[in-house]
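Both complexes shown next keep chain A, but they swap its partner, so chain B is in the first and chain C is in the second.
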Partner chain A sequence: MGLGFAVGVFGVLILAHAAYSTIQYRGLLKIMEEEFSGPPMNVVIELLLGFAVCMWAALTVPGNFLSIHPYADENRIVSLPANLDFMIFNHRGKAFPLDLDLKLKH
Partner chain B sequence: MVSKTEQSQLDRLENQVDNGGGGDWEYLCLVRKLKVRRSDKVLKYGLAILNDPKKRSSLGQDEWTLYEQVAIAAMDCQSIDAAKDCIKVLQKKFSESKRVGRLEAMLLEAKGSWAEAEKAYSSLLEDNPLDQVVHKRRVAMAKAQGNISGAIEWLNKYLEIFMADNDAWRELAEIYVSLQMYKQAAFCYEELILSQPTVPLYHLAYADVLYTLGGLENLQMAKKYYASTIDLTGGKNTRALFGICLCTSAIGHLAKGRNKEEKDSPELQSLAVTALEKDYKQRAPEKLSLLTTALKSMKIS
Partner chain C sequence: MAGHNDSNASEKKSNEATNDLPTFNAENMQSNMKIIYYSRTFMSIIGGVIAGILGFTSLTGFIFYFLVMAITSVGLTAKAGFSIHSYFSSWNQIVLDGFLGGLMSFVLFWTFAYDIVHIF
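Showing the complex of A and B:
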């Protein structure tokens, strides 16, 4: 969690730096009176790196993926709950009372 | 609904608690969450926690939930004294509570004093006529007295008001099955499938009922519902696989005299047979010969 979060912050910083570099580059172009055709190579690499790092962090920090398949072990229902609202007490267990000394002692 | 992971977690915890490995409170919580009926164990371990002042006070507010759980478990185990003591403690703490009043009425039920319990439930219903649990208790009481037709009548009345109560539909279906009124049971299961289409066990139960009803049309429907169970469980439900085989065999018998134009999906049963054989080979190799003879007697493999 801590590591993933730090990596995510680092990725956002890289993206911010890429944006800052682009703005500076455009300013430089304006001074040199050239046309803007695209960001320089190092900014593109920075963008791709920041994107990858952010994506990794976004996929790891919130938690693990859960299966959506109905037959996955977490989703596959193997038994229904006992219908406790309709439970009745005079069942055959009545014939075999527990021989333990069970009492509330206070 | 108990999923496969929860089931194995429960088994593991139960094993651990039975062998004195601790985790009693976690076990009791899981039992409560999954709504499984383990009354003897809940009574034993729950009372052990309640009798230990240090453990009890560490629970905080959950203490009262545990008292309730243990009281119900004690009634189920016919330890009337323990149940009475638990209810007395709860009564002292929450003197005006309806929930405790319900427990007291249940205690009367467990003792077998039906008339008094009935009176207690009616007075509870006067205060709150839409108390679902009390309505359900009355159904259960009719059932406990052997008055099954009365239970059906109550349950039908209840379901007219609370149509979205799946547990009640299931109870009604099970009662109908126990009385061999399969058409009515099928209706209840249809209702359940409609409200919870992703629960494979309802599909399975519906298919069972249709298969029991018999007749070509019902058998074909049953086969479809067994197939949908397999679809939802990924083929890990042995009963559904057997169901496919039995349906195929029964349809074959019925359709023998007629024209065999509607031989739909002959590969379905061979796939089911293959899955069954693989499953048996993996989990019970010594029973494989039994399976092959059984399948041979159905004349499908």
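Showing the complex of A and C:
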């Protein structure tokens, strides 16, 4: 999430720089009294780079697709603890000492 | 007899279809749709900025929008690992959803970038 977001901001910055270069190019054309026919080569390359970077960010940032099939592997694991019938409290695990501070160590 | 068999087969098919419909996990499907909308909106904004900087006008810009959306669809398909039907119920969801809403953002940012770069 953090990395993808940073990459997206970087892509927007590349596009902003491309826009700034185009503004400068247009100012140059105004001084030389020529018509604008198309953006210069370095701007086009910059735009392509920015597009690719933003594309990667747009596909990465929102997270992964989740399977919609109820019997897919990922869905099955999630739904098992929701069923209270599978909860067992009276088993041989109570013979072992309880590690109650197990989570605090993390 | 043959007709009877056919009707039996079609009934079986419709039964299968009705059994298939409610077995989708609605929560995950909604989450997938949210991801699609997020990607499409962001890509249409970026496409609008690029079209504005390149100085596209009228029809060229709209063709550029179709191009960007097609590339985004391919990207989303690749993200789903080319197995669409385990994440979406149909192709329309990945190809068409969010298209018109994205067009609005696209036109907004297209005119915005064009004004900044080419007019002011």
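Here, the second predicted complex is superposed on the first by the 65 of 106 C-alpha atoms of A that agree within 3 Å, B and C clash if a C-alpha of one lies under 4 Å from a C-alpha of the other, contacts with A are read in each partner's own complex, and residues count from 1 in each chain.
Criterion: a contact is a pair of C-beta atoms (placed from the backbone, for glycine too) under 8 Å apart; a residue touches a chain by one contact, two chains touch by 3 or more.
These figures come from a predicted structure and were not determined experimentally.
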Under the stated touch criterion, which partner chain does A:Leu84 make contact with: chain B (first), chain C (second), both, or neither? first
Please indicate which partner A:Ala19 is in contact with in the superposed arrangement: first for chain B, second for chain C, both, or neither. second
Considering only touches as defined above, state whether A:Pro39 meets chain B (first), chain C (second), both or neither. second
A:Leu66 contacts which: chain B (first), chain C (second), both, neither? second
Once the structures are superposed on A, label A:Gly93 by its partner contacts, choosing first (chain B), second (chain C), both or neither. first
In the superposed arrangement, what residues of chain A touch both chain B and chain C? 69-70, 72, 75
Residue ranges of chain A in contact with chain C within the complex: 8, 11-12, 15, 18-19, 22-23, 26, 36, 38-39, 43-44, 47, 50-51, 54-55, 57-59, 61-63, 65-70, 72, 75
State the interface residues of chain C toward chain A in the complex, per the touch definition above. 23-25, 28-29, 31-32, 34-35, 38-39, 42-43, 46-47, 49-50, 53-55, 71-72, 75-76, 79-80, 86-89, 113, 116-118
Quick check on the complex: what are the chain A residues that touch chain B? 69-90, 93-94, 97-98, 100, 102-106
Given the complex with chain A, which residues does chain B contribute to the contact? 1-5, 7, 34-37, 40, 43-44, 47, 50-51, 53, 72, 74-79, 81-82, 85-86, 89, 106, 109-110, 112, 132-133, 136-137, 139-141, 143-144, 167, 170-171, 174, 198-201, 232-236
